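Chain nomenclature is as follows: A, B, C, D and E, assigned in order of appearance, with residue numbering initiated at 1 for each chain independently.
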Amino acid sequence: MSLLEVSRLEAFYGASQALFGVDLALGQGELVALMGRNGMGKTTTVRAITRMLRTTRGAIRFDGRDIAGLPSFRAARLGIGLAPEGRRCFAGLTVAENLLASARPGPWSVETATALFPRLGERMGQTAATLSGGEQQMLAIARALMTNPRLLILDEATEGLAPVVRQEIWAAIARLKQGGQSILVIDKAFSELRAVADRCVILARGQSVWTGTPADLSREIETEFLGV
Amino acid sequence: MRDLVTEHRLNIVLALVLLAGPLVAHAADEPFMVTLATRAAILALAGVGLNIALGLGGLVSFGHAAFFGLGGYAVGILASHHQNYEPLMTWPFLVNGTNQMLILWLVAVLVSGLAALVIGALSLRTSGVYFIMITLAFAQMLYFFAISWPAYGGEDGLSIYVRNAFPGINTLRPLDFFLLCYAVLMVVLVAQWRMTGARFGTALQAVRQNEGRVAALGLSPYRIRLAAFVISGMVTGLAGALYVDLNRFVSPSMMSWHLSGEIMVFIILGGVARLFGPVVGACLFVLFEHVFGSFTEHWQFFLGAALLAVVLFARGGFIGVVAGRARHD
Amino acid sequence: MTVALFLEQMLNGLQLGVMLFLMAAGLTLIFGVMGLINLAHGSLFMVGGFVCAAVAAWSGSFWLGLIASLAAAAALGALVEIVVIRRLYDRDHLDQVLATFALVLMFSEGVRFVFGSFPLYLDPPAFLSGPVTLPGGLPYPAYRLAIIIAGLAVAAGLGLLISRTRLGMQIRAGESDREMIAALGVDIRFLYTVVFALGAALAGFAGALVGAIQSVQIGMGEPVLILAFVVIVIGGIGSIRGALIAALLVGVVDTMGRLLLPMLLSNVMHASNAAGVGSALASMLIYLLMAAVLVFKPKGLFPANA
Amino acid sequence: EPVKVGMITTLSGGGASLGIDSRDGFLLAIKQSGNKDVEVIVEDDAQKPDLAVQLADKLIQSDKVDVLTGIVWSNLAMAVVPSAVAQGKFYLSTNAAPSQLAGAGCNPNYFSVSYQNDNLHEAAGEYANAAGMKKVFIMAPNYPAGKDSLSGFKRFYKGEVANEIYTQLGQTDYAAEIAEIRASGADGVFFFLPGGMGISFMKQYAGAGVEVPLIGPAFSFDQNILQAVGDAALGVKNTSTWSKDLDNEANKGFVAAYQAEYNRLPSIYAAQGYDTGNLLLSAMASASVTDADAFRKALEAADFKSVRDKFSFGPNHHPIQDIYVREVIKEGDIYTNKLVDTALTDRADAYVADCKM
Amino acid sequence: MTEPVLEIRDLSKSFGALRVTDGVNLDVRPGEIHALIGPNGAGKSSLIKLVAGEIAANSGSIRFAGQEITGFDQIARARLGLTRTFQVSSLIPEFSARGNVMFAAQARRRSVFGFLGQVARDPELVDEAMQALERVGLADRAGVRVSELSHGEKRLLEIAMALAMRPRIFLMDEPMAGLGQEGSARLVGFLDKLRSEAPILLIEHDMDAVFQLADRISVLVAGRIIARGTADEIRNHPDVRAAYLGEDEA
């Protein structure tokens, strides 16, 4: 059975519809890449899964349980951890507080998280508002890990990071996956994505239009849906 | 674009209603209704003043009663000196009181504008909640000063017994005085309307929405805000001047924080940043006060409830509900 | 003026400061932590005073009254949060000011409807009602001593709660991004209700404690409210430490101003004029202090998130 | 002849209890008389002067009342009275009577049925002499009524003023003032702190354990306030135009009827409201309100049974009356006042000479 | 060689113990794109803020267009023609796209205190705004409120506003951030042409874009410039590879 199963999901911002039927499945220990051009509904799908956006049509099942009616903190407590688009660190809190505020027990702790991002370890007492863009991005990922999620969602988690750090993060993602972590990734770095993803789901105009393994991803599909 | 047209039409209708009401009341020999409308028009003018700072400039001033009161005291003091035939000062040169509204208005506008310049120059260094509170503090300061300063009546206030004079008009007749206040209100509204679409209004609205961007474009947000605050204080001061003539009385309660709150209430009831927002709000407020005030001594409870309902559920106030969301270009 | 009197007045100033802090504590919590301007804080203060007075009169026990006032204010706070405040977090300050201004009107008339228009009786418990003798031979009201202790305890407790506990972190996180903290698994809605109720309970607590030496009447919260705002703004919004220090500063400046200004002025004018003018200036003093602080430090003395 | 009365008084907000008592006393008199010719329109001024002015305009222009009454506060009276009497209406004051309206600003159509504002303070000064106080500490809020009060006190007090202090209007903490009182070596304290200020002061004074005796005007000792102050007020002397134990028929009837009607003891505001009602009724009995001169004469005669033994008007239409000293006592569960002395006999006021009418 | 437009000498800035800018020397010459790259937290954004006048330097000097501007505030610098685009779009949300650009044009004229003439009917401002919008390809969206524009459109509008300022230099902080591959490619093309109008100081983590556009690249690490050169020189610079590019960046 899949850990996450989204079917025929529709979503609205006010009166305007953003999702017109998204299907997506992610098995335990799997890494799925959610792909598509700008504005096709990737973030919106994530917002629906994390219940930050109310949806009325379509189903979202997590670990067999229908979560479409839950408030977002309940969905998170079931084990969904999010590193959101645009970082959204808690500006007034220090790095340490950002990590601790929403932490839940499990293998990830301040020690393990700062081992992954040593730079954060050096900045523990600094408020998030004064971190550099990339440091904030690291903090957002570490913060999601500290909730010890069963499913980790990374929405543009490498945006604004230096190439070295990006490589480190991709390496970390690969290690996490090896350790059995289920992950949903959105990123515009297709070559890296392809290297780690078990499966890809492509969205176009709010619909899932293609699902398959990275190996099956043909040039034609890429040009048609990803604009590469 | 359609919304804009609706709002323009609505504004014209509102202006006509506010004019027609007292004319009808006058014909029906109900002078008090005329007085009530005058009160509404003057309070509306105070609201229009605040709306320039608050609606267009996003400056939530919780101390506009200070300018209302200063405008009022300027009139009260000059008029009382005139009535008592005592010069205001004799050194270094002689200054006499006067009962000419045009002069009194000018003085009221200058005094409140000057005060707004000083208060604004200091307050605008802060922002957000700090700005709300520091404007409140300045108003409280003036309020306590007025209460305890004995020369002009302190807390007892100052009566001027007869209304001041305006050339060609018998201000003692309720309808005449109403028409005068109405005319002032309309002139200020037209001026505000022009200003909103002009370069200053554009800059002011831009500052409200994104101060950092305006600075990055090489314009000083501080100066734009300060200018708006001064204009705003002047208009509210002019309203205070008229208010004193309406009541023939000025007292520190014109500067109390309750009044600052009420001026804000007009704006919210009618619609923030809407040209006629304060006009509608002030009319509703005055009506409410008088209709409910004679029903029950607990009328303030219902006033609170109504206000709460508007804030929570009717965002955009009356004009927002009738004419839809505001648009800017 | 003797040195002893001067010292005693300093003490009075500090004590007024602690009392101001006690009155401002709940407001600091809500204002600083949740980013909400709550003009109705004064009303909750009043409710605390009235409930304590009513229950103390009915049961004969001040302590029962105190507990009841805490409970009533907390419950009312929770109710207000759920019905009204919840809709205001993502609004601008203007809406918050006006909605809570509306609540002030409703509470004042509501309390009058329930308790009548007349001031209520509330006295400190008997064993705290007289003076005690401080070291140095100064008689000092026992109850005020108790208020000082309560105020400092509240300051310490709040300071720890906000800066040291996870609850505090979560609340502050919620202030900067409610949606995000919820998406990380924190029930921020409930947390905010709790915080608001806590702030309300502190207001009620202060109303009950202070009500025993002041007058329990409609409108008792208004002067308090404005002073509490002054205190918080001088201290820097969101800083418990700042609020405490600002409260002490305001207490001392106000007390000493009332004492010294008339005295100074009597050197240059007739005594009874000096008393009047001095007092007029004294009443403006704390507002001047606030204006001066904000002109030089626009975010208060101890800006949070500096 | 029917008479229309417009009553503007404070029924909402912090000062409501005074207005409610004034209204209830006044209406009780009308009700007792059974006179159907009196129509009373009551309006709430919420203690705001500008609202009071509007209400006066409404009552005069729209309801066309003949007589106005009811204002509690001097600042509201100053806003309303001059223009109302200028428009030919009668104004009967149930409470506020600022010095301006007693002196140069007096008006034939304006009658104070209460006192002149200074009276109670003057009586307190006289009482301080009688009680042998040599050095009195005096204190009032910093606003016109407060200043009048201290000068009223000093007008009659002959001893030394230990210190003269103006507190802030609405002040709630008096620790600093109490410390000064203790340090001043005074043998008496005179304070005028109306409403909640007085409650706070007396509670804190008792808590501080200062033993110097207090005197004040009745405003801080009315029935409603005493219940809130409790033991802290016991034994304090205060000056008043009226006391519930004044031994005359009118007063006994009034106190009993008021308690029966409203289920609480009357206050000085209720008593003055009641007298005002009866004054109006007495004038109506002998003249028509449409004949202003005759009606004014009838009012001047003050031909009614006042609850204050003696009552007559001086040439400035302010009362000439005795001013008493009361002491706060506890009767069963109720804190109330007991008459102990008369401070001033047949007192008019200090401004009568300035009144030209 | 032509005189540099912007010249930074020995600039230093500390936050407490942290030296974010440590004796930086850098210049931007007419017509060039000078890229600034470096690890996260190296101090790139801080350097832009120092140049734009948003924060003040501790020491060192900045010359711009032949003038010493170290002591100038942000507003004065903007008036001299120093225009920056924001990493997160910073627009006036309730104005239309055209309104935003018109306001920029108004700001260039430093004209604030006009109370009567209606901006919407001011042909000069309207024309200028429409030209700028056309150049970035937003002309058909001119009347749309900014809050209703998509992310990519906002990024373009950001540049249109900068155009309307007719600056003497552009300071751009990660203009590609958030754009997809297509959008980035289009923006690269646009910037390529823009350099002839005014030079660009460009911060970017998108190495494809940097290597394609930059005439010179400066590498900032821990507040210090550790290398400077052409794309090829930097690509193969061992220190830069270690500190920033990593091993498999081509």
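We adopt the following convention: contacts are C-beta pairs under 8 Å (C-beta built on N, C-alpha and C of every residue); 3 or more make two chains touch, one makes a residue touch a chain.
All of these numbers come straight from a predicted model, not from anything done at the bench.
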item: Minimal step count in the chain contact network, chain A to chain D; value: 2
item: Selected pair, greater C-beta contact count between C-D and B-D; value: C-D
item: Greatest separation from chain C - chain, by CA centre; value: E
item: Mean-CA-position distance for chain E and chain D (Å); value: 74
item: Centre-to-centre distance between chain E and chain A (centres being mean Cα positions), rounded to whole Å; value: 30
item: Length of the line joining the C-alpha centres of chain A and chain B, rounded to whole Å; value: 52
item: Between chain C and chain A, distance of the C-alpha-averaged centres to the nearest whole Å; value: 45
item: Multi-chain contact sites of chain B, meaning residues that touch two or more partners; value: 144, 147-148, 150, 298, 300
item: Per-residue multi-chain contacts in chain A, two or more chains; value: none
item: Contacting chain pairs - touch in the sense defined above; value: A-C, A-E, B-C, B-D, B-E, C-D
item: Contacting residues of chain A [partner chain E, same complex]; value: 37-39, 119, 130-135, 137-138, 156, 159-167, 188, 226-228
item: In the complex, chain D residues that touch chain B; value: 11-13, 16, 43-44, 46, 48-51, 53-54, 57-58, 61-62, 74-75, 78-79, 82-83, 86, 98, 100, 142-145, 147, 166, 168-169
item: Chain C-touching residues of chain A, taken from the complex the two chains share; value: 50-52, 71-73, 75-77, 81-82, 84, 88, 90-93, 97-98, 100-102, 104, 127, 129, 143-144, 147
item: Chain D partner contacts - residues on chain B that touch it in the complex; value: 30-33, 35-36, 39, 144, 147-148, 150, 153-157, 159, 161, 174, 243, 247-249, 251, 253-254, 258, 289-290, 293-294, 297-300
item: Contacting residues of chain C [partner chain A, same complex]; value: 166, 169-170, 172-173, 175-177, 179-189, 238, 304-305
